[in-house]
Amino acid sequence: MTTTAEPVRVAVPPSGGLLDRVLKMRELAILAVLVLMLAATQIDNSAFLSQQGIKDLLLNATILVLVAVGEAMVVITRNVDLSVGSVLGITAFAAGDFLQGGGNPLLAVVLAVALGAAFGALNGLLVSIGQVPALVVTLGTLYIIRGVDSIWVGSREITASVLPSGFVDFGHNGLSALPYLAVLAAVVLVAVAYFLRNYRSGREFYALGSSPEAAGLAGVPVRKRILAAYIACGALAGLAGALYLARFGNVDSGTGSGYELTVVSAVVVGGVAFTGGSGSVYGVALGALLLTSINSVLPSIGVSSVWVQAIDGILLLLAIAVDRVLALRVTGVLRKRAAETRSARHG
Amino acid sequence: MTQRIAPAGRLGVALAVTATVALGLSACGGTTKNSTDKAASSAPAAAVGSSADPNASTKTGLTVAFLPKQVNNPYFTISDNGGKTALTTLGESYKEVGTSSGTDTAGQVSYVNTLTQQKVSAIAVSAQDPAALCTALKQAMSNGIKVVTYDSDTDPGCRQLFISQASSEALGRSEVDLLGKQLNYTGDIAILSAAQTATNQNTWIGYMKDELKKPQFAKMKLVKVAYGNDDAQTSFQQTQGLLQQYPNLKGIISPTTVGIKAAAQYLSGSKYKGAVQLTGLGTPNDMRAYVKNGTVQGFELWDPAKLGSLAAYAATALASGQITGAQGQTFKAGSLGTFTVGAQGVVVLGEPTVFTKSNIDQFNF
Amino acid sequence: MTHPAPDQVPVLALEGVSKSFGAVRALRGVSLQLFAGEAHALAGENGAGKSTLIKALAGVHRPDEGTVLLDGEPVVFHGPADARDAGVAVIYQEPTLFPDLSVAENIFMGRQPRRSLGRVDHRSVRAAAAELFRRLGVDLDPDQPARGLSIADQQLVEIAKALSFDARVLIMDEPTAALTGSEVARLFGVVRSLREEGAAVLFISHRLEEVFALCQRVTTLRDGAWIASEPVEGLGEDDLIRRMVGRDLDELYPKLPAEVGAVALSVRRLTREGVFTDVSFEVRSGEIVGLAGLVGAGRSEVARAVFGVDRWDGGEVQVGGKPLKPGAPSLAMAAGLALVPEDRRAQGLVMGMSIERNINLTGLRATSRAGVMNRGGERSRAVDWAVRLQVKYARLADLVGTLSGGNQQKVVLAKWLATSPSVLIVDEPTRGIDVGTKAEVHRLLSQLAGEGVAVLMISSDLPEILGMADRVLVMHEGRIAAEIPRAEATEQSVMAAATGVTGRAA
Amino acid sequence: MADTDIGTGTDSATPFTARPRSFRIGDAVRWDTVVGALLLVLLVCSFSFVDNFGNALNLSFLIGNTLPIALIALPMTLLVVSGEIDLSVGSTAGLSGAVMGALWNAGYPIETIIPICLLLGVVCGLVNGLLVTRLGLPSLAVTIGTLAAYRGIAQIVLGANSVTDFPQQYLDFGSGRIAGTFIPYAAIPWAVLLLVAAVVLHATPVGRSLFAVGASEEAARFSGVRVKRLKLSMFVATGFISSLTGVFWVLHYASARYDNATGLELSVVAAVLLGGIDFDGGKGTLGGAVAGVFLLGALQNVMSLVNVSAQSQIVVTGVLLVISVLGPRVARQLSVAHARRRTLTASAPVPVATPAGHT
């Protein structure tokens, strides 16, 4: 069965995965900035990249990476979840309370993840049913969960002494410079990236964020996917809560407050745009690593911690400005290429 | 028919004009800092009306409200409960209100206003900021409400009494001595404080620096003051930064229960455990695990419960007219004994207790 | 080329289908049968109900009355996905794709071939997409992102999607509007091959010569009602037009001659990189200049640049002899220019606002004293112009979105005529409005020219261009390809210039 | 005379019908009158049942505490109506307070300091506005960035110390009350600004253009509205009022600290949305926003008086916020479904499960 129209063969330059190349370039840019910064710090203070130093860098980043990856899944579907800070706080205390009562650590982590997923489902239902702007709903649930957390926790506190020593050791031990927590976070990161890259529902997250109308037309179950994204984000925030408990050994009613702005910054610096449909979780992990490294780099080169917040803010502004300029240039290139191929085709 | 929208042009111009006019106006002299810098009202506000009558009977049925720097903070929970037990023994009623964040001055002011509204007999407050509460506290005092500060003071003019846990000087100097003994007076040291704007922290650090000028501390050098903002994760990362920036740091003083706990947690999980000494102010329950595993040799604190109950007794004494806050007056504080009002209305609880492996198990707070 | 036997069961059919949106009755008891292996044309004026019919077939709308029949059995499509699973593929004129995803993913979204453990088999997705493009005879790279594709390429992706699930019914809504001569030929080749494989094709186009070249049967709709379904063979073009329009042409295009005055709008060598180059033309007062060309030829872009919505890189625009600074619609309006934009719903009106407020959006300063708007002045201006243009509305405070397409277009015209412009640019003035209102709009344009207004009319509707324009400019790929006076302007001469095939047969 | 414009293929490629919005205007007004009524009911109940709510002292406390949110809610309402948002208002207020403290310590006269702080606010607004309008960046991402940047700069400027020795007559203006009444002095400039904002939004070309830009930016641009300049001036006005609030905050609490007004932005956004301002732009009234601000303020005051803990107050604010946004939309969906069911009763009454196009 051949088509009767004679195919018009015109050599179109192999553009290769232009889309992927742009994405890779974006991730390489963050990696370059990160490596440059760490190298400069190492020159200035040789103890910085010692075994303990590297271990601390990775440990600091694990919590933010987990929550930022969950948040990225939601932002890719063109939504946002501001309640992750409160979810982290309440799930950390829940795990601690369970452990305090003599529960086994593995079950405590599972409990934290389940509780996080439950809050994620609440967010997902509110956003997908009411078709309500996600920022406002999750701002509401941020307050609600924080309030419930402080009422339930009150002035109680989980201290390292009440936790099983194995759990706390797990929090800071590792194989030479590679802490267990970082390995766990890496496993979760790769799993989520693999899912988003290689599974239908994962691709549909991107489709939903890229164009909600086209997604509806293509038969993508919009509400189910939004709900799934929020449940995953809540579950990861829950897991991060359990790991926070292991790492810091201390949880009270204020844990995690204000964390959501850092998480959103990591997601945006990591190349996932608010407009949805683009960016990768690897980029977000690098963004998280970059932000937390700043908090470690500055004290070790003697810059007072006063500067940290200003630098984080300026870094975020730079990232979104660069993204915008990059996007404009890429669209220009694509349009020019489309015009060339068309005129070449029937000159 | 031209139709030009100069939408907000006029608004923008209006703003710029008002700003420049005011700027011009001020050129001809204005109230500057030194032109108005008369001495800030330093004398403690005397209790309104009645002179002190030491043997007036303690009134019952008073309501004393505790307003800690931060609700849900374990340290304040212990101290406020101490106040509660003292008040119930005296037959008064106890109440605790406060903000959930330690740096929400606006919130603390609105709580003082609310308490004034509810016409409580006395307020015991640990101030987040020396001046922010002044207007509100003065308002309360003018409504006949007795004001006592505890743990963290305000300007003397905004309260009648300050219950100091231990004299700031004693605290500052004793922490340096404690660390000096542990390092046998050699090596670089650093301080991990709470929020930059915490008044009691800055006063203690002042005395620590003065103590370090003494000859026996010649070989001990303070290299850095870091701020953990009373947040576990920030204190954690600040401790990390200190050790990375000064690899041969020998000792850390952290005069805040949150800071010392986070530093201890970091040290006990890193290679610096035992190599770097840590002391400061911490609660026995928090630090018991770290004293046992050798991360911390010794630290000190006062008993917050005693501080809370002394504040309660002082407030009741004021409300019953037994004292007015003037220097030299004395009042009984139940099992704690009698206390005399020092200069500027300061009442000192006593010497801090030092906790070490040997005596830590006798304390439970 | 077999003709379907009369007793053959239609693949997909509508029986007595009606659909209305609020007060507007889009379809009234329409029946239509699509047979395997047959190309069926759907003819009708703008606003005759064609798009609503397509959406009923595609499961986007649920008919109020009547049923959809699949292989003769009644069926209910709960959404576009049901229709697609039943083998119905639709190609809209401006396809909705995922701009951030690659072309291959666009085709197979939701139906990606999978390998072990349910994982998407990216290699076979890319390979299948390449195979589909080869089959369509086009060189699109499967990894190319959909963002930035020309409309022609976007349509190819939609067609490839239809091929990918072996669609049994292919519905194409004005697919050739943006295609050049060779692209149209290639598209027809694909349609013919699909028909040979047994697919039923429903083809909608304004260009009657395409209907006669491709289709075996044609159904005509007018004002939402079924007029006729008959074989194309033996049917004359004029009979078809009369069925579509229901009245003869000149009543539809009442163009009165007007005496032409001085140059009101002059455009010199206007250029915007990659969009249009070296465009020069003049419009005199009292003259209606038609601007024809294919979709994507750059006509709307020129209008937007002249009006100041977009900046330009080179050239000069003069209104009434005075040069105009680029990039400021407010300055253009002050100089007496007005633009009725192409997309009525997104550019012409603020859907969330009332009729009164929409009309006054162009006269905010005019109806206010000392910076504060006065309700009375605002109301009288709106009522005056709504009545003058015979807008049918219940209350001025109603949302403009509740009006029919024709009335909405009148509100846009009212909004701009209220600024009494000396130069009026109208972009697709009668797209998607009913025949009755269409004639009124044309009468209004002709009357305006008579009063000395210079009118530049952009339209893809050739009969409208030929009927209304004193002079016809034709644009092709961003350039002025030809200037044809009214006497010599015919469909052939204009289309030849528009598709860049000057001289050679289309 | 049937016309099939709605959802025709040629018009908008998306086959989804435009959401029938016939009662949106009615709906928006209805919501903000609901909030106004709620506020009245709350005040009446509190006057009668909550003891010592009604006296002058407490009312002045209530107004004093709510003023910062009420001040910033004015420009924020105009900004949200035009479809944008500014989360950096709290940090701008903090920065202007910090600069005020630093300059005061450096010995500058206060009459010079205050205009400088206001000018600083204009600059902060300009930065936000230019990034959003010239570079076309989303205002949410930009203002999250400037929230951190401005707060960081404030920390650098003032760092450890908190400045408290401002001249007494300014402090009195900041926290004092007009003799005999419960009206704080500072409420007067706020009332003036409220009047200005109400006139600008509801009775001037600027206001009408804001509604048009919020409802459909492209249609507004095609009608000659200078969208970029309009949005820029809204950001500048927000920056200016935020710095004014920062100055008021310092005088009201008699202390300039870098962490003043932390988290204020979330309270302002919550109050404005509670007042019925549509987050997607194009709808809402200033009266609704002010009602939202004072409903939240009064609620918090009353809850503290009846000893409701701070934590549960947070929960109440969160619940109110979710209801204020979910309420109108769900109500609309119910009535749309109801309307559709009515028109469908003729044919097979099958519920329409159209995929939810996510707006």
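Per-chain numbering from 1; labels A, B, C and D assigned in written order.
Everything below uses one rule, namely that contacts are C-beta pairs under 8 Å (C-beta built on N, C-alpha and C of every residue); 3 or more make two chains touch, one makes a residue touch a chain.
Computed from a predicted model, the values in this text were never measured in an experiment.
Q: Relative to chain B, which chain's C-alpha centre is the most remote?
A: C
Q: Would you mind checking which pair of chains has the most C-beta pairs in contact?
A: Top-ranked chain pair by contact count is C-D.
Q: Quick check for you: compute each chain's CA centroid and the global CA centroid, then name the chain with the smallest gap between them.
A: Looking at where each chain's C-alpha mean falls, the closest to the middle is D.
Q: Using mean C-alpha positions as chain centres, tell me how far chain B is from chain D in Å, no decimals.
A: About 35 Å, centre to centre.
Q: How many angstrom lie between the CA centroids of chain B and chain C, rounded to a whole number?
A: 73
Q: Using the average of all C-alpha atoms in each chain as its centre, how far is it in Å between chain A and chain D?
A: 29
Q: Centre to centre, by mean C-alpha position, how many angstrom separate chain C and chain D?
A: That pair's centroid distance is 41 Å.
Q: I need the residues of chain C touching at least two other chains; which ones are they?
A: 79-81, 96, 330, 333, 362, 364-365, 371
Q: Please list all residues of chain B that touch 2 or more other chains.
A: 3, 5, 71, 100, 196, in rising order.
Q: At least two partner chains per residue is the criterion; list those residues in chain D.
A: Chain D, residues with two or more chain partners: 14-16, 159, 205, 209, 224-226, 309-311, 314, 355.
Q: Could you list, by residue number, the parts of chain D that touch chain C in their complex?
A: Spelled out, the residues of chain D in touch with chain C are 1-18, 20-22, 24-25, 199, 203-205, 208-209, 211-212, 215-216, 218-226, 282-283, 343-344, 346-348, 350, 352-355.
Q: Within their complex, state which residues of chain D touch chain A.
A: 14-16, 131, 135-138, 140-142, 144-153, 155-156, 159, 266, 269-270, 273, 279-280, 309-319, 321-322, 325-326, 329-330, 333, 355-359
Q: Using the touch definition up top, name the residues of chain B that touch chain D in the complex.
A: 3, 5, 7-9, 11-12, 15-16, 18-20, 22-23, 25-27, 29-37, 40, 71, 95, 97-100, 103-107, 109-111, 113-114, 116-119, 129-132, 134-135, 139, 155, 195-197, 202
Q: Quick one: which bits of chain C touch chain A in the complex? Just the residue numbers, please.
A: Listed in rising order, the residues are 79-81, 84-85, 96-102, 105, 109-110, 112, 114, 118-120, 122, 134-141, 143-145, 147-150, 152-153, 180-183, 185-186, 188-190, 192-193, 197, 274, 477.
Q: Which residues of chain D touch chain B in their complex?
A: Those residues of chain D that touch chain B are 52-53, 55, 57-58, 61, 65, 68, 104-105, 107-112, 114-116, 118-119, 122, 159-162, 164-165, 167-168, 170-171, 175, 200, 205-206, 209, 224-226, 229-230, 232-234, 236-237, 240, 249, 253-255, 257-262, 301, 304-305, 307, 309-311, 314.
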